[in-house]
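Across the two complexes that follow, subunit A remains constant while its partner is subunit B and subsequently subunit C.
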Partner chain A sequence: MFCSYACNSAEHSITRRGFLQGLTAGAAGVAGFSGMVGPGAAAELTSSQKHVVVFYLAGGVSQLETWDPKPGTDTGGPFDQIQTSAPGIDISELLPHTAQQMHHLSVIRSINHKEGDHGKGDYIMQTGRRQEPGFVYPYLGSAMAKQLSPADSPLPGYIHVGGGGGKAEAAFLGPKYAPLGLADGGGPANLNRHAALTEVTDLKRRELRNKLSQRFATGRRQAETEVYNQSYDQAAKLMSKKDIFDFKRMTDLDLERYGKHEFGRHCLMARNLIESGVTFVKVNHTNYDTHSENFNFHLEQLGEFDRPFAAFVSDMAARSMLDNVLIIVMSEFGRTPRINPLAGRDHWGNAWSICLGGAGIKRGVAVGKTNANGTAVTDREVDGGHLFHTYYRAVGLDPTKNFYDNQRPVAKADPKASAITEILS
Partner chain B sequence: MRLTQISSTCCFGMLVCFLAAQGWTDNPAGEAPGLTFAKRDAQRASEAAQASTNLVADAAAKLQVAEKAIADATAAKGITEKTVADALAALQAAETAKTAADKVSADAATNAQKVKDDAAADQAAKDKAQQDATTAQTTAAAAAEVLKTRQAEKITADANQVNTVKALELAQVALKPAQGAKTEAEKNLAPIAAIAKSAQEKAAFYATTPPVATPEAVRLIQTFTHTRPFQSCRIDPTGDFVFGGCQDNTIQRWDLVLAKQVPLPGHRSWVADFAFQPGTNLLLSAAYEGKLLWWEAPLVTPTTVRTVAAHKGQVRSIACSPDGQFVASAGNDKVVRIWRTTDGALLKELAGHNSHIYHVAFHPNGKHLVTGELLGIMKQWEVASWQHVRDFDAKPLHKYDPTFHADCGGIRGLAFSPDGRFLAAGGIGEVTNAFAGIGKPTVLIFDWLTGQRVHLLNPKSNFQGSVWALQFHPTQDFLIGAGGGGSGGLWFWNAETGTALFDFPLPAAAYDMSLHPDGLRLALACYDNTLKIYDLGPKPPAAVPPK
Partner chain C sequence: MIRNPNSLRNCVLCALVASACGLMRLQADEPAVTPAGSPPQVGAAATPATEPLSVTIDRLISSNLPDYEKLAAPISNDAEFLRRIYLDLTGAPPTSKQAHEFLADTSAVKRGALIDRLLASPEFPRQLARVLDQILMQRRPAQNVGLAEWKAYLHASCAEQKPWNVLASEILSSDGIDATTRPASRFYLDRGGEVNQITRDIGQVFMGVNLECAQCHDHPHVDDWKQRHYYGLSAFLVRSSLFNEGGKQILQEEAQGEVKFESVFEIRDKVSTGPKTTLPRVFEGPVLLEPKFDFGQEYSRAPAKNVRPIPNFSRRQQLADAVTDPNNRQFRRTIANRLWATMMGRGLVHPLEYDHSDNPPSHPALMDLLAENIASRNYDLKGFIRELALTKTYQRSSQRSPDQLAAPMPEPETFAVAPLRPLMAEQMAWSILQATGVSDNYRVNLGANLTEAKFYEQLQGIEQHFVGLFGGEPGKPAKDFETSIEQTLYLSNDPTIQGWLAPAGVNLTQRLLTLPQQDLPAISNELYLSCLTRPPTAEEVQEVTAYLSDRADSRPAAYQELIWALVTSAEFRFNH
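The block that comes next holds the complex of A and B.
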């Protein structure tokens, strides 16, 4: 848990002071405080705590088999479109369950980030920027965890169900905001106290460690020990909340509704984590990189995605959580309208779609258009920057403000872009 | 994507009976199917050429009529022009005469009045002057009558002239289409005559050279192009037509002899498979929207006679039983359904598959049905009871790719040998990258009696891609596979010995294949918007000298 990033980082000294001040001064605010966890961030929220859930369809889901079908055209493929619960918004027949939830959701059909590389497309969609040499922007999960998580939350702000990601996602925000990966659908490793330790012994051990750390810190630089101690403290808090990772408590009815396959369980875990107060949950569904047999594989993959995702949306609505939970279904890019000789579709960032719903998002709206066979955006072209501004606005944050990296301001969202206001409620 | 639903040998036997019953062809005992169909093609081409010749003659006759009509109209117009001129002259003469008579009458009247008023004039002079005046008046009245007559004659002549001009114009208007029709008919005659000549030469060649199919002889002989890639194809039992399921959701029919294209719209998604109902001229098509359509396929404009909503989700395969009683269909709802062909009634649902069913095929003896799925399982069902009999393990044609979290492969081609001893299943094996389609075209040969796999076959070359269709040759001992990856391939194996015989590269992936009942030609449904016809028979010389 040693966090080497923090070495020589003035930002973390500020963080420590700011953090302590934040605890004592409440929301009074201190210059440079606004980008940090705590009352400053909380003050930005327009209502109760917001959460974000990203369903990441890895490999690049086809917009033509999901949110922007073009049946009967040279690019449309064999699948039809179906009406949804949102009048005027038809989606692919591969998403019949989701179609029944579209009155809670909206789609953006006019993304053009011009990127056909997995890594670069992923970076754009998760940071809202193009890659820049020598600098990494925080990923959406880390950024939201930092800004939306309550200061005293014992929970990690960003959980990646199914594992994946890493501390690099937090970039200069620090590893506290890196994703906690829940591999194979279980809780974090070593969540339970070692069997050989009693609670009293464990407490004494931690007190001793703190004492030694304090002695070590005397006359030495603060950031390393700060982060070091912080990690232990967070781990201890997390251990105290280990019940939220007890996914064995899932009911048979829930498992039936969500499906007993891995993605179904992951969606159910996402619901439980959000209900438990986790700020940002990312659920991967893999894989959609269908250069070959696009239609068979989308039939297979979306057949698995559809029901649990629809159950998740339905549950959020039924539990009156939609107003506080931003739902995003994204990929690194879409897929080519052209069908290749392998009956596949290739990488395509020029005219594709995502689905949004929940917090701050209008219900049942389609923004942007592509042409008749989906080869170009014809109305309201947007890119990753626009999407990030929109996410920020949707959860009540101001995307025009800055983070601070070593006291240097870093715009939270690309200043050249702006929010897609048509989709904001 | 599909191969045969009836063994080819059985198919040809049925075809001969069918054609004989229809009076379409004679099949002398022992005559090679290649020759029978070559003769049939030659006959059809000759008939078409004769019809085309007749059209030319008809068009020429119509042109002659049009030309004569012009000549007649021109002559009539000349006559009326002369009549008009004559009438005009007569009219002018009448006008002159009337003018003169009027003057004489006026003078006479003046003179009579003058004489009457002259006290010195005697009664005789007065009477004579009055008589002259009366006579002149009568003459003037007569001249007026003549003028009236001439005027009427002139009007009639003018009207007649107008009519003849109009008649000429009409005749001239009719000339151009007649000339065009003749030119068009002559233009059409040339290629049809060439086709007929070629077909006759081929039939003559096959009469002396046994038309035996060999893999090494394979060559492209016809290409039919449409607007989108073709997903499926089937040659009808008469051998006259090839039907292609296009990615524009239509079926396209081409006459194999005359190359005439006819669309069959009706489906709402890609057509995955075809079957012909034995003993009828009905074509069945199955499409991804879940429906089966029955078509009166040979009609000039084919029409649907029945529609059945057969499956939830895609129908991927259909097959008719050899006796024509049943059609089996299967698809993504994992259920095999048995329909009565005569009225489309659902007879049975066969459950047991756990994944999408890609293929169905009846054994040539008609007693068993085999169905194959995505996960590499094939199930045998007894037709009499529709009970499950056993499974065949075709797992080499399936892979769960843990990287992509997806099942890939499945039974892409399924075929019985004509004698029913072997069952072949084709697809993609040794997959190293599911989502890039990297793997080997693979065929598994099963011994029908034991149910055991006896061979695993790959092409001779290191082609990467999938087998999409399989068919045993009806009389020769080779199995044909068609498929593709980045490009396409035709592959030939000996199923009994498990030997790869010959690879033939294709310019584009082939998604389906159908063997012509002549055993020589095969159709391929290709990615490059074409249906291609290849020939495995001996190549006729450029020109066959007449006997």
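The block that comes next holds the complex of A and C.
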């Protein structure tokens, strides 16, 4: 499973200093945003709407330095494990703040998707399937945006804080469900009224536009005109909510808790977006592809991850939102138990962990086990398909139903897998 | 070399088991009609020898619906017709001057004369090329062949009235090697030379069939579409692949390689008798027999490292003839149906790529007649479009008369009321440019050098921008009208649009400002003729008057707001 630094992975090309600025600094604003409006029943945002937040630790975080530590074994490395607020669940000492939130969270320690390639592992974790020639499944964010967003919500259903992703993620679901990349600069393009107009004059011209359009529809087929007119209402609503995309709106108090670094601000933005009603938010944290100096890198990276993530979980709990917000911490794969001669760990999909919490998930449980030094799953082996079934069930959706791609049914989650019911509340 | 895209345990494309896979059976209770390949039923469409096609079309449309005369919308008024025909034949609405002249013309034959004038205009081949581009490339991005060369090729083909079968043959024959025919190879090369993608798209684009399911198994619900049909088609292409020759991607072909297929369901159920193969064949057409060569004699240039092989026999070179063969009824039906859908908003066969026995056309005799007609006129697209434009069916209003409103709206497939057809991305661009008067400024600036080509060249960047924003998803043509907040925000707030509204040169805002500012009927008239190709009603003149008195502080600002409201109205967004 050893992968040299010469392998063509974007993760490898990031320098130690470079990653502090992050991949996201130059991300394009809103290329992927295209919220298609189709005919649909009106529905207001309701308090029971389910949301999903994915913290994606790109490059492949080590399960041994996070959710499944094996201190004192040949594979364990230098770090100890610590007790958490969930009795019986110990995690790495690199996550002290997260440890205090574990009574809200649970872990799955028995993932074996057998994949050690960045792109293929990423595809499995984000679509719940293995790559197949000639067909692309929708990514989790697009699938959830389609199924959980209220029909008339003007908000993009899937926001990738920091940018990234693209229209392809929505696959056949269509560009409405593609991720909107939200760079530090702000939200979708053209969200601000043109300087030549005041709020009053803009409203006046919109009212006239609407009146003309309604009159035109008389005696004609109206399905299309309704869709078109609705898009102006939604655009106006989105314009009125443009502040939610504004990083400058963050308070000093919040920034103190989350951290002023990029990942801290991104986690805080994720909280604000979820509070504003956005269905699916993805936050990336990069540079876990630690083929050398695994321990130094994890010390540094998890040191940055721990506090804002814990602050996010505690804020969800404090706002009584945990029951409606599914929290997932995932990577494309984990890292080899074997420590290589460069003090690194390599790509490893055969026995690793993710962390879940919130909507539909039991609090403070650990599902699945690996052996004493983490080299194999010994209990409850699962793959990407099982995880997708579980995510679906957790937010109240039926994973055995179909999507339709041009009238052809496509199972929402891999029919060969099923949900990990032990972790569902 | 054996290529087997089908070596999979389950159905990759359906991702499902047999019982669930597949297209919902469309109108399964309808009686089967003429299966593909058998002669058309011409009896039902029997026509007096002298009857023009347009008249026959109207007869077949009206006779298919009881009470048609009562239910059908009235014929469009001159303004509605004018906007529609300009958008369809030139891609943009008329100028206010052109609109004024047509509406003032009292000739009884002015519609026919206008149709002929627009068909003869340089804008027509440009617009037809856009329509064909969308059909052929489905908004795919340029990969290996430049967009400009491809568009120029289509434009030149339309300008010289190249018959569709000739155009199709060129496209299906080009391998991208010869620089003069290279643009035609975009169909292959910008699908990455990928055999399965090309096979599917040849089925959809040229034959009105969706063979996606048949890649892995016989179509579970469409009896006409078998797995062997899919592989008969892909057998023409299975030996072809991309080849980098001197830094340019071209399509190479080898002398060996057979398709191999096996139903994934038979494999799963352990009833498969093993992989099958087929020679190249278009559906039930003749099997392509290939010459046998002695070992070592297969190539005129043998394959070697970095050398493009040249086989003595090319399967792919036979594909164009097989697809366009007069015995392949699907070829003529599909182009006739597609052009009908372009002009009428919906195919006689609907959806366009589901032409099979269990999904008969809404008007079977008319479908047969149109297919035969387009073939017998040598695939002259322009002449065919002319006949469609002359029909009452095309010229019906999209608005029913007040006394018809109590009855339910006739179904779209009756063609009794004109549909609202969303403007294609290019039509959106040119319509906004024309309505706001940006186009007029460019024409004035070109002065004596003004030609359609020069004018197009100067503004095509804007056209391309609109295609990116309004063109929909590459490879997935939108079935229904879709709009996006992104589009709406662009039209609402983008500085580009606001810039077009600001008074400049002879644009609309400036024209309105040069009219006597107290002459509100004249101002309203110029506004409405420019934006919506019709004079305003009395109510609308009142509305404009009220708006202007409300915004007495700034006439220029008020005009811009009025133009914006008209240009973003539903009446503007749809070809109605």
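The rule is simple: the second predicted complex is superposed on the first by the 328 of 425 C-alpha atoms of A that agree within 3 Å, B and C clash if a C-alpha of one lies under 4 Å from a C-alpha of the other, contacts with A are read in each partner's own complex, and residues count from 1 in each chain.
Here is the rule we use: contacts are C-beta pairs under 8 Å (C-beta built on N, C-alpha and C of every residue); 3 or more make two chains touch, one makes a residue touch a chain.
In this text the structure is predicted, and so the values were computed from the model without any measurement.
A simple residue count on subunit A separates subunit B from subunit C, and the partner touching more is C.
Of the two partner chains placed by superposition, only subunit C is touched by A:174; subunit B is not.
Touch criterion not met for A:258: it reaches neither subunit B nor subunit C. Of the two partner chains, subunit C is the only one touched by A:196; subunit B is not. In the superposition on chain A, contact of A:80 is made with subunit B only, not with subunit C.
In the superposition on chain A, contact of A:415 is made with subunit C only, not with subunit B. Looking at the shared chain after the overlay, A:188 reaches subunit C, while subunit B stays out of its contact range.
In the superposed model, A:245 makes contact with neither subunit B nor subunit C. Comparing the two complexes, no residue of subunit A contacts subunit B in one case and subunit C in the other. Against subunit A, in their complex, subunit B makes its touches with residues 227-229, 247-249, 268-270, 288-289, 314, 332, 356, 374, 403-408, 434-437, 465, 484-488, 508-509, 511, 527. On subunit C, the positions that touch subunit A within their shared complex are 5, 8, 12-17, 20-24, 196-197, 210, 212-213, 215, 398-402, 404-405, 409, 412, 417, 419-420, 422, 473, 476, 479-490, 492-495, 498, 502, 543, 547, 550-551, 557, 560-562, 564-566, 568-571, 573-574, 576. Those residues of subunit A whose C-beta lies close enough to touch subunit B in the complex are 59, 71-72, 74, 78-80, 286-287, 289-293, 296-297, 299-301, 339, 341-344. Those residues of subunit A whose C-beta lies close enough to touch subunit C in the complex are 30, 33-38, 129, 132-135, 137, 154, 167, 172, 174-176, 188-194, 196-197, 201, 204-206, 208-209, 211-213, 216-221, 223-225, 227-229, 231-232, 234-235, 238-239, 402, 406-411, 415.
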